[in-house]
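Okay, structure first, notes after.
Per-chain numbering from 1; labels A, B, C, D and E assigned in written order.
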């Protein structure tokens, strides 16, 4: 047991090191891109199409001769912005509904859960297409669509934990103390559900980016030439076998972001996990 | 099924080909399904066909026909044709088949405009509801495939007259066909063909690389190098009747000016797009029709490039100030529609956007889902990339009517030009082929002069096959005929 | 000597919970551990079976018979738990897995200890439940369907199932009414006589100490302030804390605190 | 009369009756002891009093109002006047909350409404410290989580929480079972003090007759779901006690 | 018992009515016009007038409620209509697509279980060890790599380079391997992490401590005590994702030409094939209802204490 503890310390030191080195590399690349290169991310240069790496194009250019590195960096704001927006909104809907459903049970629960089921029955493409149709195409509506599709996951997950927890005596005490339901949910039940939710959400980050990419496939994602990673991934599909690195760049960027959100999720989860036990 | 063929092949090696197509279908109903798999797989045939060399209409199941008034048609059928089940293909059978087509498909009912059919031995008398000169060319449509309608399961097992009969069908995945020995035009040397579907271009390429299939329709363009590097693979490409165009919304203020439209046309670097987006597998377009078509006009050289575009714009009253192309203090800006179903189009849109930016024109790209729907119901866009079949059955009538006639379903530019409408109306009344070609050419010239749309390129069909095995493969322009009785193995 | 604890400390990162404690328990002895609430009694008892969470550090030496428990690996200590050392915990609700019936806990325990015949298992479950005054049909119930006392009785039955060498009873009667508590302790004593097991008995109830214990130790703030025979500690306490503790005990009957004056031969 | 329980009957689904026709009254300022064999229904009775269970028959009056039929909203105003200390302190504390947060739950809820006479609210920390000291706990426990406390410490926290708002009625379900005698003495003394000073009422469930004797004016004995005996404290050793009561006494 | 059945039946009926109506209103609110597909405007000359006539004939111009009423009337006679695109009975189409979907679903589930259970468990049991790190990294990659890329990589490896497995089509067990593997890998990441976090929760429960004190072997504690305690969140998430497991596998169905309902419904959406979409929503509604009802029932299995409470509420 003690061996594991030592191990952990070493690992986290090692982790810290990599983390710092990674951040430095990213910063340097950021500075290089925007202070030195200063490419226009949307400038099409067909003569310079699919160029390999060089000093002026460290990651080469894409199929329209645009600088990959600049596009990748420009893409962060869209990709991270949109996915976190969608996820955040989904959490904002899903967690309260899950709490309410699991806590009140009975008819409230049944109504909410049937509504949730209804959302599950609709293919997400339908939701996205309808919203795009009603509100016009664009990534904003896609975010809305993803929110509408994703909240159910969180609602159900939260509900299942709450169902088990809400019968315990400490919840009864809180009830007897006259705490309104709202407070019992936020103060007593929320800390129990947040762990699972964070784990799910940090992984969902990747799934949401990929969902945006999938929607780009049917014309509902980011509008070209926006360098959104999901859309880029999709655009670069034809080069899978001829120039695999082109797809790997946005792919790797997504992995990095998911990695980061996972670390964050783990960190938060550990903060809520007061016992910190489990290893044998 | 391939096992059956194996056994039937006896002592000889099994003569079998595996063809991979880029579109999947769940139904083989030849009269309804618009993926046309039965005709492509050599299961069914139509009364007339497109002559791929001369791009004219030629006899097939019908030997000859007449209909000088454009309304009363007589067709003489071949007398030596039998269906796969042995039933003779006589006029009664064809009548029944045509009637089924009209009944099952509203589209074909519209397209054929048949009022009545009479069968008489091997002769058919057909009357159309109105004078309809293109009638025979409409019979080329694969949905007019002649099948034996007495068969039960047409969706999964249509019985036609082609060189191959259906052995088994897994919806969405593949179709197995075997040779029909009594085929009227000489039985195929092959025992059978597997006709499978895969809609992912990369996956199709890999299927060929892994030797699972012999012929691949439309492999991934970007991976052709890899295929060629394998040594035994031939890549063929043939221009099609399709044109990628920039549809211009003539209801918009700026585009009402013909000079602005010309500027847009001049701004598009067609050769460059062909070379770098389609890697040369296309032909730069000058007009809507493939130059080899008899009614394609021969165009003179027009000025093009950014400088020419700038000149046109200056003529239209625009000036370049501080890098911004403007008129009355307002920047020239376009909303450009594109859709991802055809992957080249968004790329063309982006190239155009970037080129226009150099001229100080602001282009906002809007990616949509279903272009026909969007363009018809919203008019808040200026330019749209669109792809059209211009003469799918060797006749210009379809495209001109749909795209430039005020009542046409694809008239997204909102063209309502009396001169052009008159030409098309006249075309619709004309039976004589020479005269028709002349009128079509006239219409095309008009379109060109007034820059109603800008035509970018005719994309090619690319087919890659294993040349150590496949013999006599022909890549057709119409994309209707794929598995034929000529196809063989080495 | 069945258990000997030598200089054992339990520490967190910031402070010491059990501070350099030594004590020993003889074979067949009923050893009581009393003291302040929060003084580290439970920690000490859990250190014996290596049951403490990993965040706590244990130092010192613990011997069970000749076996040094602190040096055992996971597999070896597992063989000792349940067979040679068993526990009865204070938190009865946590003694049972909520989704398994009482009977399933028994069966599992027997299976692990090598009794696999279903018939025998059934008989022994009924017998064990009855011996702690529970109806045999309770075996089919889930823990949440039992009252606190019933649960605790079930867990006692479970601990005594295989005549262990050492039973660690951490406030085992706390949740019981006096009648059942009394019955249980009688039962424990009977079992002890049968098997000659030693009992480490953690309690706050002086009546039980007086009635059952042979020797006892008093703990305060992580340290053992006094240890010795029942008579020595109860009737002649030396430490002020022990004295205060004894005086505060609400006893109903008069006499010596140890109750030994009723027995013959005591001269002091 | 603060609490008046009339003919309460209760059974869990498909089981025998757990409470049979239980009736008793509890006066303001009184401490009523409740003893009985394990499983006889003491905790169930306590839960019924708090309306955590629905009763089959009978009625429970709190300050003259029948609580078994009150809608949840009205019940809230009553509930701030009753508190319960459960038998199992571990389950009564939210494992994910720090002690101070669990402790302040009830008080926070009342905000300014609570008129405290025993404790003084000065600051949050100060109040938490006061409560912990009242039950003999060091103030630094406030920042720990329940699993970092010993059994007795947890139990004292739950008691501190119950008295923090000085309610009219506190149901104490074996509140001192896991305390050492010194702490127990202190806690029981505190409870008695509070009761006398603030005229509180207790239903004191315990199996420790000594503690019951020290705490309560009257004692009620339950067996198999029925009340078999009620008597004033001075009559504990009287001859007309129920045989079961006598058996209980004899064990001491 | 009868009362419960009647109640469930009513619940299902309301639910079906609810989702089919919402679905109906939804797809018709979306822009799009099946008339264009039906008339094949891409290849045939059609006038605006003809489109309008067709719309009128097919009743697209009627008020929404009238259209829905018509659908409902057919539905109660168990007639789901015919596809606008192929003219096939919707029921037949779904029956044709279902086997492939079920195979793919089952195959990827097995792969998922084979990956998620051991990885999730190991990383919880050896928290912060290298196993944990590796499985977490794998799950991150699984969550971040698009399934088409994964699929192509697998095709490239097993189909092109090693030539061990067929890369497309639906032709027996071997053909199922690659698509199942791709899909299974893609979905397992969430379960690995969820199981891990849930197991950690389980291991902090008191009953684990008690079982250890009884000398129960760790393996048994894991399987009989901790594992079951940790399942509800995992099962919940599974219940939620059943819809996307059926409808959201378009990419894989296309890539491997393994045709199932996922591709069919996306095609139907693109072509605005209302009858099929409606039939699909109905089917999915039933499946989701059924699965989630089972998931809810399973909570009672995992938490007998909850079960008891609920039964009392019923009475």
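We take it that contacts are C-beta pairs under 8 Å (C-beta built on N, C-alpha and C of every residue); 3 or more make two chains touch, one makes a residue touch a chain.
In this text the structure is predicted, and so the values were computed from the model without any measurement.
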| item | value |
| --- | --- |
| Distance-to-centre winner among chains (Cα means, whole assembly as reference) | E |
| Most contacted chain pair (by C-beta pair count) | A-E |
| Computed distance of Cα centres, subunit C from subunit A, in Å | 51 |
| Distance between chain centroids, defined by C-alpha means - subunit A, subunit E (Å) | 20 |
| Cα-centroid distance, subunit A relative to subunit B, in whole angstrom | 42 |
| Between subunit A and subunit D, centroid-to-centroid distance (C-alpha), Å | 49 |
| Where subunit B touches two or more other chains, by residue | 202, 206, 369 |
| Interface hub residues of subunit A, defined as touching at least two other chains | 4, 129, 133, 218, 237, 240-241, 275, 277, 279-280 |
| Numbers and ranges of subunit D residues touching at least 2 other chains | 12, 88, 90-91 |
| For the subunit A and subunit E complex, residues of the former touching the latter | 4, 7-8, 11, 105-106, 110, 113-114, 117-118, 120-127, 129-130, 133-134, 152-153, 156-157, 159-161, 163-164, 167, 195-196, 199-200, 203-207, 209-210, 213-214, 218, 233, 237, 240-241, 247, 251, 254-255, 257-259, 262, 269, 273, 275, 277-280 |
| Subunit D residues touching subunit C - in the complex, by the definition given at the top | 12, 35-40, 43, 87-88, 90-91, 137, 149-153, 156, 174, 177-185, 207-211, 213-214, 247-248, 251-252 |
| Subunit E residues within the subunit C interface of the complex | 205-207, 209-218, 220, 224-225, 228-229, 301-305, 308 |
| Touch list for subunit D against partner subunit A, complex | 50, 52, 76-77, 79-80, 82-84, 86, 88, 91-97, 101-102, 105-106, 109-110, 145, 147, 158, 161, 165 |
| Partner subunit B, residues of subunit E touching it in the complex | 31-33, 36, 38-51, 54, 85-88, 93, 96-97, 100, 148, 151-152, 155-156, 159-160, 163, 166-171, 253-260, 263-264, 270 |
